[in-house]
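Presented sequentially are two complexes of chain A, the first with chain B as partner and the second with chain C.
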Partner chain A sequence: MKVQLLLILVLLTNLKLLGSSRLGSSIRTVAIQGSLLGLLPLFIELDSLNWRVMTLAIGTVFLKGFVFANLLFRAINVANVNREVQPFAGYVSSLLYGIVALIVSFWLGQILNLGQLSYSPLIIPVSFFGIFSGLFLIVSRRRAISQVLGFLVLENGVFTFGAGIIKMTSLLVEIGILLDVFVAILVMGITVFRISQECDHIDTDKLITLKD
Partner chain B sequence: MIWALILLPFGLGVCALLTKNQSLQKYLLFGGALSHLILTISVWQKPPPAVLWGWLAIDPPGLLFLTITCLLFLLVSIYEFGYFEHLENDTEENMDVLIFPSIHTKSLFIGCQLFFLSAMTLVTLSQHLSLMWVAIEATTLASAPLIFFHSSPRSLEATWKYLLICSVGIALALLGTFFLSIAATKPDGSQTNLVFGNLLSNADHFNSQWLKAAFILMVVGYGTKMGLAPMHTWLPDAHSESPSPISALLSGALLNCAFLGIFRVYEICHKANLGAFANDIMLALGIVSLVVAAIFILGQSDYKRLLAYSSVEHMGLLALGLGFGGIGVFGSMLHALNHSITKASLFLLAGIILINYHSKKASDVQGILTRSKALGLLWLFGFLSISGSPPFGLFLSEITIVKSGFDQGRFIIASLSLGLLVIIFIGMATVFLNMTQPQPVLKSEKIHTPPPLRLKPSMLYPPVLLLLLSLVLGIYLPGWMKDLLVNIARQ
Partner chain C sequence: MTISILLKTTISILASLILAPILLGIINRVKAGFAGRVGQPLLQPYYDIFKLLKKGLVYSTTTSWIFRWGTLVSLAVIVCALLIVPCGPFPALISFKGDIFLLVYLMGVVRFITVISALDTGSSFEGMGSSREMFFSALAEPALLLALMGLAKVTDSFSLTSIANTLSATNWFNNGASLALLMGTLFIVLLSENARIPIDDPNTHLELTMIHEVMVLDHSGPDFAVINYISALKLWIFSAIIAPVLFPIHTNNIIADFSVWLSGMVLISIAVGIVESSMARLRLTVIPQFLLGATALAITAIVLTWIG
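Coming up: the complex of A and B.
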């Protein structure tokens, strides 16, 4: 039951992201989403807690809940950008997209059957909804930072799925994945900072010099 | 031994980041590359035992790509001796093309190259699919700072596209890896771990629905990194904006690593009796890549972008080889080897041209042959080699791939790809020949002899060696290499 609740909260954070207009609140929402997902393995394995799951949960909450948000806040402070996310698609159409994506995700959840592996029927829909939201945020927002957030949301969607099959993966791999995402956010943050220095903006629609 | 292959470049990379001594950094790069090659040669002689519960081991495809990677890396590290000298001396005149970076970015540049080598080695040695995912993502992250070396707005834009598009693609491949682990769950609920050999031997029990979904996601994910159209959009930007030695590494070594990822799932699909399904997808992606490459190569004005699109073309051919199956798999592996060697030499030559002409526009570069016979001839030989003309190696592998198509009864696709190869040949010939020939001079104009080109031997030898190698491979394929390729194809 607690797993269900957690998954529904994750789903709501995605909807909030689609409708939110401020960069700061988006970063905070993604941080909350990350922490919720970090707790997910704990609740899934509640009866058989072991150090492997504990390490993973602590690592995830620490990185996704605090470190990433910190890095991104630092990037927007240094880049000194206006705090509006400036979407190409308006907030209402973003939310409408969200509803359609939600329906598709639940439909996919019906088709793809995890069978006895699944801890909750919500794992697949929530995971796919995260992936769809992430992809939409990447293509529909102008700020480079919003695209980093979109990537994080996408990764969180994949992570939801991974947490659903936690028994099958090993700690080493999980740590490797977390480490990769951490470095990815770091490198992306630095790149955003460099773009803001060189070009006086971080609007990706102005990055159009390279084309055929 | 396996640990040494991965950790040696990583450790030297950390040293390069910490040291401030500039000449030491260059030697660290060279030393790292050389010792890595020596280690790889010793792996050829005596295969080391697997480590980490069989997660890291050397197998024929891994060995092939490891060898290509460390050979290119060594030659690139030699090339960079001359490249850095140019950067140091030319700050004034070349501001638009080459911005000399500070000491800090230079140590980052060398360090990241060594990390890049370490990550690529990890890809080739990973036998565990999730670990391989981690390694492939690590190659993206290690190479991103290399692309923005010049930190111009253009290179930043290229870096941003590279980072974002590849990371998103690779995130999908991770989902595919999870799907694969579900597909590998036996009906009684017990699990098969994701070690490659283990997956192959159990593949006939796999759930075909989940496996199909996993294959599509992983091909899309790793295909993004490999530069298969329509996921190739980052590739021309990153290859044209990064410093030329890095373009050579990206095109010659990195694309292969992603190809290896696809090859692994491809094999699993074949073992799980989904061969026809996997072949069709590879054929579709291959032919789309050829079409896209042909469209953008015709009328391309930037010669580094031209080379980048040619990489899309050759990645398409690799996909076609897998899609045809049979001897096509052998052809693909041979093609990967030949393409890496030739494309790296061309990017290195393009770097020399860029330093002398200060422009990436093909129309600004004319009469290479009159200004330097050697460079002009090399550029022409490079063109002949990359376009698959006999007697170079790519001719042999392209013929093998197309022939396998006809053998397997895929007449339409095989003849379509032949036609596209001809179009690409014409498109590339126009650019390459115009660059080597001098501009026609009107009688009224005063004829002035342009200054001879500045060629540093350390920059010239690596591409010469690579072209020679490509020539040799076209005439004579050594027995040990042939055995390795046959082994890969037989798996």
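Coming up: the complex of A and C.
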């Protein structure tokens, strides 16, 4: 039941991301989503807690809930942007896309019936919905920061899938993925900073006009 | 047996007709409390209605019979809607499979009549209000329909009375998340349909921001009293749909059930008052997004009942 609740909250944060234009609140929402997902392995293995799960949960909450949010907040402060202006797909169409993606995810969850492998029937739909939302955020938003957020949401979707079948994956793999994501966000944060320094904006669609 | 049912339904209708305006009074008191004022008396909406009923009528020369009949017809339609909405433990007079759809369409008829009366005055200002009202309610309607369908799915029953009677604490254990989402959707629809704050401000008189209020500017005296009464009934109907979801408690004592249900109604009004005091009005361009968000919540709820 608690796992269900966590997953539903994750799902709602995705819907919120699709419909919100403020970068600050989006970063906060992604941080909340990351923390919720960090808690997910804890709740799944509540009766057989071991140091492996604990490390993973603490590491995830620390990185996704605090470190990434700090890095991204620093980036938007430096670049001096606070909202997404004129995204390629408006917020109403993003939400409509979200509704369709939600239904498709649940449908996929039904045909991809992993049965005893997953802890909750919601794991697969929620992870697919995260992946779909993340991909959509990457292609539909103009600001580089929003695209970084899209990447994080996409990764969170994949993480949901991994956390749901954590018995199968080793700690090393999970920590490795976390490290990867950390480096990716660090690099992206620096890139966003450099772009804003060089071009006075972080609109990715204007980058095609660059000449060397 | 039949006599007791008849008695119960009579009580249901009378209670709705008499108690409805008090919800507006509660909202006003909560808002006043938040602003640090004492606020108007709890029964002020009744006083207002009686005061207006005593006044004379003024009709603009550009209006036709549509304007004159509009208020009465909408009153008649909203009372029809009241007949299918149960009053807590007291069943509705009419109840059949699928009356949830009838309710949505009766609300649509009320809206249609209000809008054509507004257009009948020939004022461009009221035309603007009508167009906004239609736009936003077109977005709120799917949310309402989907939320009612979600409730029907959770309880496996298709009429408002049987939904209210079937809902129980077990539903909250099995489908708690869905019910919470459905309640959220219904609350947003309540705010939108009753011209409440994040969507529309019932107190505003600034022409650029008005939606609902602007459509009834030309109504005066008894007509305006009827309009006020209709809006009270509308708020009552929406609260009466949410209250059984909030407190799905069935004891065998009908008085206890009724008081639990009434406290649910009061809580909903208090919640509306809190939202109005703590939130600012949304920008007009953000409202469609907000209402679509409500639809998304309803769909999520339905999909969740489907899986679990």
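Everything that follows uses one rule, which is that the second predicted complex is superposed on the first by the 204 of 212 C-alpha atoms of A that agree within 3 Å, B and C clash if a C-alpha of one lies under 4 Å from a C-alpha of the other, contacts with A are read in each partner's own complex, and residues count from 1 in each chain.
Note that in this section a residue touches a chain if its C-beta (ideal position, glycine included) is under 8 Å from a C-beta of that chain, and two chains touch if they have at least 3 such contacts.
The shown structure was predicted, so the numbers you read here are calculated from the model rather than taken from an experiment.
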item	value
Simultaneous placement of chain C and chain B on chain A, clash or fit	fit
Touching partner for A:Ala89 - first (chain B), second (chain C), both, neither	neither
First (chain B), second (chain C), both or neither touched by A:Phe151	first
Touched partner set for A:Glu198, first chain B, second chain C, both or neither	first
Three-chain overlay, vertex chain A: chain B-chain C angle, C-alpha, nearest 10 degrees	150
Most chain A residues touched (candidates chain B, chain C)	B
Contacts of A:Val67 with chain B and chain C, given as first, second, both or neither	neither
Contacts of A:Leu12 with chain B and chain C, given as first, second, both or neither	second
First (chain B), second (chain C), both or neither touched by A:Ile131	first
First, second, both or neither for A:Val104, with chain B first and chain C second	neither
First, second, both or neither for A:Leu171, with chain B first and chain C second	neither
Least C-alpha distance (whole Å) that remains between chain C and chain B when both complexes are overlaid	21
On chain A, the residue positions that both chain B and chain C contact, one per complex	none
Parts of chain A lying in touch with chain C, wherever the complex brings them together	4-5, 8, 11-12, 15, 19, 91-92, 95-96, 98-99, 102-103, 106, 109-110, 121-122, 125
Contact footprint of chain B on chain A as seen in their complex	112, 114, 116-117, 131, 135, 138, 144, 147, 151, 154-155, 158, 161-162, 165, 167-170, 172-173, 176-177, 179-180, 183-184, 187-188, 191, 194-195, 198-199, 204, 207, 209-210, 212
Contact footprint of chain A on chain C as seen in their complex	177, 288-289, 292-293, 295-297, 299-300, 303-304, 306-308
Chain B residues touching chain A - in the complex, by the definition given at the top	128, 130-131, 133-134, 137-138, 140-141, 144-145, 148, 151-154, 156-161, 163-164, 167-168, 171-172, 174-175, 178, 181-182, 185, 189, 191, 193, 210, 213, 236-237, 240-241, 296, 300, 305
